[in-house]
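Okay, so subunit A shows up in both of these, paired with subunit B first and subunit C after.
Up next, the complex of A and B:
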């Protein structure tokens, strides 16, 4: 049984989801001005997944993320101010401006890295989980991956490996229906990604990824199982990305009104706020106060990112090796 | 009739013409149509940068979206080639080679030799490469040198629209596995390209500019940078000869070495990392074969021995510039 959520937990979950949303919406706006370099893949719409999973984790647990990694980073405790500076290519960024949006990592909080290679994280979490197992540590590892990534050999190999070694791994499939422009209805041969679990000898479950509580419960059960030596699980969350594959994508492969309809009827923040305020657990004013604080945090992170220094020639050849 | 089109359009046209000529030519890759199974446009993308846009409707059933399974579909393209299809598989970014290299270097590259000359594998693997887009370490590499190292693969690095079309047509008609690499920064480059179909043979370098003082051998996008440098050096009275190998395997060593024998000075410009690069390969070749005609040490202008950095300040330092080429040429000229 997963622990019941306290008032503090609920406020924390809301703050995390709001921080991700604000961070991504701000990037969406700023990208349009042409100032933000490189490829940026936004996580807006999917906040309940990263938050619902990471609320079950400690800093000693590990996650591997994807190209759409900002939400995973924030939920795992990476500082959004450093992340913003990283995305702007600044020396003060999480990775000194050397990695950018697709490579934000912070091992000090158990965040193994966003990833530019689809499916790259699966094998890595088998390694972190193996280390925990061999050292008799109660730590679990979570691999976030998309519906597109679910078709990568690395993911299949990792699922089998985690099972045969009985590793504390959670394969967390974020099925948002698309890999770039290609539909998961085409690319995934079975109805649900979770159906594949039985082929690898592990339990699989599909949950509503717009519902924070559903994700929190399902991931929590899988994480508890892994922590107690029960082995790996596959958890599929069905959700939607609110923006294009990357910023600039015209999204003509999507049906008109698809996103608006989801925003209006299923949005994870909307559902969460409705539930906790109508139950009387949290007052709307408390949520509004969080909204204001988060907005100030993100505004501040952008002001800082814009004025922070860029790396210089002296940084070009450092960090290739530990010792030279 | 020639008219001006972009490098990207030249590639699209080569695919289109070859698909019309030969039903065995198929195009496959992630989002090469783009929209398979989706509720909106079925060819919404036409490739991640739109290079294959329009082919889906012109060649029904032969532009095939794949799941994200590079080992799977690159290997399938190779298998189909073994039985006489002429697949053009798109790897999107050449960096994704890491996922599917076995199918390319242990399978496709070796079949003909291992099977005693009894097989043909007429597959083309297209991919984009190169830095300059703030795309960071996993989306900016060159890697042509890695393919060039492997016997059995042919490697094509067109530097302009005319070559892109003619070399892609040759790649499709060629009966060996071909790696066709497109520099992202060249997609918008315009140039004169004949409307009709034509093939440029492999292993024939282009002498892009004639000169008698210094030979510059430049790969892919670096041909443009070498031209910028040569125009500037001309003003200083230094006459550069620029050679574009066009294919790194086979490599037209004759044209390169004859030029070095004439000028006595060699600068090689290669965007990739310096170790085990095309630059070091060509420098080694000249040092071994025409040492006697060298009047100065060979100079290599390359990227650095570091992953490609994200931040613009670092990435601009990373990419070889015209200024660095100028300095290298001057140093060979001034060498006593």
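Up next, the complex of A and C:
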């Protein structure tokens, strides 16, 4: 059944995408100062994917993310202020400053964690999906992974397991065209990751990842199908990242002007704003107000992150193991 | 001055994006993989080579059909099998969008190909039809949800196209004229080959029209009860043949009486009907719906915001397509399939 997006839904979608963009653009600037520890892999450009998927989910649904996980975290409901503190390595962070960018997790909102292991999310969501199935709970799990992870055995094993157990899992392939510095044209044998679905007896589709409405609708169909007992599916979202694999990547493997051309012609926020204002559903002033609020939120998060305390030596031995 | 090939040449357009839309989740359609499209082209090339086609112009792409075909051609040549035609890729910039199909067809037409073989769905054929003029099309469905292209073994389509390209069967015996629907608005002039569907879905979204509950209006060039897809709704009310000089229209309702229609693979569902009628050629009908989208051959293309009016007109001068059974029957009548095996086997 087709879901109708209300005005509140549209405003929420824009706010989420703008929050991710502002968060990532700010990290791009601040990481260059050398003050932020560790690595960051930015999600800017891919906002419509995380937002379009997660707006179909509840807090009881789970997602597993990747090394490029900030967007997934924000879209799933993780507090951006806590995330910024986490990335700055501060005690007030989502994981008390001990995880950093690639290990942000918040089980209270169903976020199983960003993950430094490429392809590591597949087995995790099979676990949460199996738990939901055994408990007769109508919860689904989404595994975000990239074109690089699409070649990993863990993803194939997870797709096989999800299929034979008919688990409520959505394998969400974010194909941004590059695994680190290697073009998917050289490394993904079938070019379209969705083509691999049929080998596991599940449906596979491809969707335009620059278009929130396309992702929302396609992911919604996959999620509804899984929630109603229809089993797993593979949704390939074709999109692009605006920055390098990591901050500092010189991107010599990309054509000159490639990113700027995408920003100018396909940007998901630009497309979304044009659609909702030209249809009369949302006024430009409302979007402008969200922009200002989001900027204030991210500015505030950075100020707080800079001044918050770091973990102490005593914190090293806490949160190492979880008691069940 | 146009450069026209003097040897029999055929164009091939294979849509790399077809067979992967949302209907794989909302119905029982399966993904149509790139490897299958490449294999279909190999079957075409085998048939072309057998009837003397020497040259093929192939649309390039960014997602693996061209790359896979180059590998297949190398492998075929290495094995010393029956020769295939020379395959040249159309030299053109790629945008990874429907504009690539338009550009490829323009260039094939300028080069004077005798036939263009199209692998895709109704939407792909719509885009080709907008550019091909009177170059006949040989249609092949690369998907499971199409009414316009043939769902046929490509070897046979390749034989028919090859026989026309080499002059063994004249176009006048091989091709038939199709109808089309023209959608006009103040800034819009688009065509559809099978159906124009007005859906109450507000956004283009995932493009394909998959939820029958959202359909408000439907206009069709033909309505065959044994066709899958949206046109089946009209067909179950009053069939209209592909060559009949009329189309039909339907306004849908969410309650009352309806018809059972096979709107997607494995999905046969009742669709409520408010009113319906026949569409005469050349007489525009206004679209009444103000909020929603207009879908052309099953894909949402135009968002309606209540500020513009649109009309739909049936036209009888659509593209030419090969009638494969008629073409092969004509070839047999003309003795075009007879070969001298002794001469063929001579070194």
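As a working rule, the second predicted complex is superposed on the first by the 320 of 324 C-alpha atoms of A that agree within 3 Å, B and C clash if a C-alpha of one lies under 4 Å from a C-alpha of the other, contacts with A are read in each partner's own complex, and residues count from 1 in each chain.
Throughout what follows, a contact is a pair of C-beta atoms (placed from the backbone, for glycine too) under 8 Å apart; a residue touches a chain by one contact, two chains touch by 3 or more.
None of the values given here were measured: they were computed from a predicted structure.
Per the definitions stated earlier, placing subunit B and subunit C onto a shared subunit A by superposition produces no clash, and the two fit side by side. By the touch criterion defined above, A:271 reaches neither subunit B nor subunit C.
By the touch criterion defined above, A:166 reaches neither subunit B nor subunit C. Touch criterion met: A:178 reaches subunit B, while subunit C stays clear of it. Touch criterion met: A:213 reaches subunit C, while subunit B stays clear of it.
Contacts of A:205 after superposition on the shared chain: subunit C is touched, whereas subunit B is not.
Looking at the shared chain after the overlay, A:253 reaches subunit B, while subunit C stays out of its contact range.
Greater residue coverage of subunit A by touch, when subunit B is weighed against subunit C, goes to B. Of the two partner chains placed by the overlay, only subunit C lies in contact with A:194; subunit B stays clear of it.
Between subunit B and subunit C, the smallest C-alpha to C-alpha distance in the superposed model amounts to 12 Å. Taken together, the two structures place residues 185 of subunit A in contact with subunit B in one case and with subunit C in the other. The residues of subunit A lying in touch with subunit B in their complex are 37-39, 89-91, 95, 97-100, 102-103, 115-119, 148-149, 151-154, 178-188, 250-256, 258, 310-313, 315-317, 320.
Across the complex, subunit A is touched by residues 30-31, 34-41, 44-45, 48, 65, 67-72, 95-96, 98-99, 133-139, 304-307, 309-314, 317-318 of subunit B. Those residues of subunit C lying in contact with subunit A across their complex are 16-17, 20-22, 24-26, 29-31, 33-35, 62-64, 67, 201-207, 210-211, 213-214, 303, 305-306. The touching residues of subunit A, counted against subunit C in their complex, run 1-2, 4-5, 185, 190-192, 194-195, 197-198, 203-207, 211, 213-214, 216-218, 221-222, 225, 233, 236, 275, 278-281.
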